[in-house]
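For reference, chains read A, B, C and D in written order, and residue numbers begin at 1 within each chain.
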Amino acid sequence: MTAPATPFTGVIPPVVTPLTADGALDRGSLERVVGHLLDGGVNGLFALGSSGETAYLTPSQQDEVIEVVTKASAGQVPVLVGAIETTTNRAVERARAAIALGADAVVATAPFYTRTHPTEIDRHFRDIAAAVDAPLLAYDVPVCVHSKLDPELLLPLAADGVLAGVKDSSGDDGAFRRLAIGARDLPGFSVLTGHELVVDAMMLSGADGSVPGLGNVDPHGYVRLHQAAVRGDWAAAAAEQDRLVALFDIVGAAVPGTASATAAGLGAFKTALMLRGVIATNVMSPPMRRLDGTETAMIAAYLDRAGLSRV
Amino acid sequence: MTAPATPFTGVIPPVVTPLTADGALDRGSLERVVGHLLDGGVNGLFALGSSGETAYLTPSQQDEVIEVVTKASAGQVPVLVGAIETTTNRAVERARAAIALGADAVVATAPFYTRTHPTEIDRHFRDIAAAVDAPLLAYDVPVCVHSKLDPELLLPLAADGVLAGVKDSSGDDGAFRRLAIGARDLPGFSVLTGHELVVDAMMLSGADGSVPGLGNVDPHGYVRLHQAAVRGDWAAAAAEQDRLVALFDIVGAAVPGTASATAAGLGAFKTALMLRGVIATNVMSPPMRRLDGTETAMIAAYLDRAGLSRV
Amino acid sequence: MTAPATPFTGVIPPVVTPLTADGALDRGSLERVVGHLLDGGVNGLFALGSSGETAYLTPSQQDEVIEVVTKASAGQVPVLVGAIETTTNRAVERARAAIALGADAVVATAPFYTRTHPTEIDRHFRDIAAAVDAPLLAYDVPVCVHSKLDPELLLPLAADGVLAGVKDSSGDDGAFRRLAIGARDLPGFSVLTGHELVVDAMMLSGADGSVPGLGNVDPHGYVRLHQAAVRGDWAAAAAEQDRLVALFDIVGAAVPGTASATAAGLGAFKTALMLRGVIATNVMSPPMRRLDGTETAMIAAYLDRAGLSRV
Amino acid sequence: MTAPATPFTGVIPPVVTPLTADGALDRGSLERVVGHLLDGGVNGLFALGSSGETAYLTPSQQDEVIEVVTKASAGQVPVLVGAIETTTNRAVERARAAIALGADAVVATAPFYTRTHPTEIDRHFRDIAAAVDAPLLAYDVPVCVHSKLDPELLLPLAADGVLAGVKDSSGDDGAFRRLAIGARDLPGFSVLTGHELVVDAMMLSGADGSVPGLGNVDPHGYVRLHQAAVRGDWAAAAAEQDRLVALFDIVGAAVPGTASATAAGLGAFKTALMLRGVIATNVMSPPMRRLDGTETAMIAAYLDRAGLSRV
């Protein structure tokens, strides 16, 4: 896939990874998730992101996810694949595997577990980009990796052709604004927000698109939001965003103090997809628990309130 | 290896991983590191810990490290091996590989990258322990995984036979004291400190032993310290510790602001081992840089000051 | 001042506190700052906020600031005054002093220095509100107080009439969105953003106004931004915001690593006001240093680039 | 009081501040606390520290505390007084008030609320020391002020005669060890630990004494611990420390999730003193709640277990 100017735009959801009751990949359900997202009109798919439980999957399980997503999407939209590993050599290994299995682009974070430094993060991305023949996007997710990718780090990497874009889940919207302004002169660099509660605001700030985890549940809503923003109908975009903010209440269904934020959030997405008839179970990877019946009922109520169909 | 009562005691250094100029494992140097440590009188070896650049090594590189360390130590002391992965299934995969390659015990952290919760950490250790037929130690390292293993979490796991010990690198010495007191009635549970600047103090607090990164450079010193503490000669233990604190100044040799704390610290350990004639190069895994000539000269001066031989 | 429905709207800059060469309050310069802001069309003034060096001023110095600001503004716009103290009794003491000196409303943070808890923060605001006969606004500034005021805490306080508004400098725009949506049914509760780089985006999210530190330097710009947003001209609002983001580069004028972020940021605001002829010096409260000649020249260049007049 | 070489040694508890039922200072109870501590054999008193609810007291309340403590102790031991304020001018104001009211030394933290920088912290301490004619000690308490006082910052201030000592409540025992080693050549500089669970270990590391909050409850125990350490009887010191660690369980009496760590910890100290007949109530400053009857009963049981008398 030759990289066009700003190739990664629009809504590119981080695809959830459905599991069977015994914890294996549920290939059929994953195929249905892909179909559900394409039906919603999304512009790309991001497999093996945080919402895809990437940190919970062994390398062979990750390979299987890539196979299913690339096959099910069949070239209709670009497939970005996470190569989210602690350090460079490990990320390169996973990036190469992803490309070999059909990924159109790879996504990597800063090093984590270990302490790192801007000069090392810079080398990390340069080494990964040099090792794979596909666009590389940076994933800025301090809540997971505990360092922030500043515009001062990213823009030179973009200018040098190392990075084809960034998914910003930092929640630092001031830095995002400075990044988006700086990226205007870099047509091959996509600025995507993962800040799913303020996509309209980030589009106003100059985003090229979004990578919303909640977009698994309601891709149609995020696509409408994106299209309204692109045509300058900010009132419509904000109204759609407000509706999606209300829908996001599903992540609070887990009884407080009984699960991690990850288990509560991804568990809610999976439970909603189960209720909507897209996936078979809301099983989570160990050591996370699945949401229970009471929590599921609460999510069903939120779906009804948001006007989303259930089976 | 059948687990005796409190089997893991004494000095158990986290073994550094020497690399060749092109970044491959330097097997000869690693064998010499093992010999150097055994010569120092250490009571165990911890391969693939943070000081072993575990987060920088691919699974196949990790396998190679395990092979060399277990072969070189030849059963003289127990070999603990890190199975340090983001989540349960991945840690289980690495733990099984380690056992298959001859590890006597495995060491795992709390989940990282993802956000986690005490109930999930509890299940994480239980699932790993259930999956492998070898002692499991917990590695408490908040600076890397961003959660703390409290005594209230660890002691029930110890009582249930899930955990055979803990390596505490949390720096939370109050919690360590409470853990050590709580562990007195749990003879099969080893309490090891990774707090290399206050091993004497932690021995006074009730530690069974230590896992000092600096012990790569001066195993004899840490062994003397341990033995003095065991025989109750606290003045001698403190004097030895004070000398090692001065030696630890090597980690400040890297020019401030030019490298991560990890690169500066492990880089100093490797450079010291190179200067001492144990390993061939001070090459670091990407994206870290190796220490340069000026920094190396500074480390040489520190070694001289500490009375450590150089080649 | 009887509280109207949503009384605090529009641009309400946190007024800087000019000092003389020997560190005393420069009353004439402060009067000129007030005049400069009123000339810019601002809708209120916030004295003794973080940008006003509130944490650097003794109680008597704070009293003097309140006197000057209330006198100089002469009732043209409401004057909000910070009662920013570690805990309840201390904040009450300062709030009463502010009201006695003519403040129209007081602004308080969560407790700081000490560790706190949501139930304590709740009581803190209730006690302050009960002790003063004026509107109370909450100031959400985790970077200073190290706790976050969640919508779940603030909205009940608003519904109970305890809080008349919030200044949100948390940078957590997702929480801000949820707060703004929740505040729609609470007409007496003002939702103000302190996130000066994305005011347009926060207005789109539902803010009633802004409290931008940079508004000291360019009040006219923030007023134009606000007015564009209110009339729904989001393209104009975003263009104005983009210009202000560029102007914000002044906070990077201090040589990196030589001053705190506070000294660099507020120092830049003061230096810009000095260059614009509004205040006499850029002296900072101890222990902060003032910006030097080279740094001042850089700020002058940024002002020119932004099209702002200088003397 | 002329400063002798290392004047501040031994056990110097941070004195709690008893309150009446309506929240005023309970002068009689405070006098009894002082008597209780002197009876325990302490070597100094630290008024208006964190354990003294300093951040909860207005300036006039603080003055009253100083008056009572200096009068009640009547020169038997030195009285250190906290001048714990956000920045320099405010701390100077409080330091001067303390000296005027009879304090023998003042104690100040790094600036807080505002962000700060090592150069500013350095100037902060130099300015305070220059403004008062009494020894100044630094209080290293990152959990409250969110910056750490490194040995590299403190030792030059000690060498220059700016600082007469440090109370280290950082919990960073590696840094404490380096500080203690560096302070050996600075006889006028006292190194005190606030790490009350490992005082024995910190004495082994080179501390001159301790400032234990729990010392309010059991001063005799900490004095015994100190004396054992000074005479080199480390087994006795450790046994005493272990007993005090068990006593420290009182801070867990508050029902989890219902109070801040400060309210739970100081509340437990006050409740224990009430149960021991030293103070009249366990009232806490607003917005903290006092411990209730069930929590009080739990603390009584811990006192019994520790062998401490009750009324």
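The rule is short, and it goes like this: contacts are C-beta pairs under 8 Å (C-beta built on N, C-alpha and C of every residue); 3 or more make two chains touch, one makes a residue touch a chain.
Treat the numbers as computed from the prediction; the structure is a model and nothing was measured.
Participant: Is it true that over half of the residue numbers where chain B touches chain D are used by both copies, so same, or is it different?
Facilitator: same
Participant: Measuring between mean CA coordinates, which chain is farthest from chain B?
Facilitator: That would be chain C.
Participant: Taking the mean of the C-alpha atoms as each chain's centre, how many Å separate chain C from chain D?
Facilitator: 35
Participant: In whole angstrom, what separates the CA-based centres of chain A and chain D?
Facilitator: Going by mean C-alpha positions, chain A sits 49 Å from chain D.
Participant: Find every residue in chain A that makes contact with two or more other chains and list them.
Facilitator: none
Participant: Determine which chains touch and list them pairwise.
Facilitator: So the chains that touch one another pair up as A-B, A-C, B-D, C-D.
Participant: For chain D, which residues count as touching chain C in their complex?
Facilitator: The touching residues are 23, 50, 55-59, 61, 84, 86-90, 93, 111-117, 119-124, 127, 143-146, 258-263, 285-289.
Participant: Which of the residues in chain A end up touching chain C in this complex?
Facilitator: 171-174, 177-178, 181, 195-198, 200-202, 204-206, 232, 234-235, 238, 241-242, 245-246
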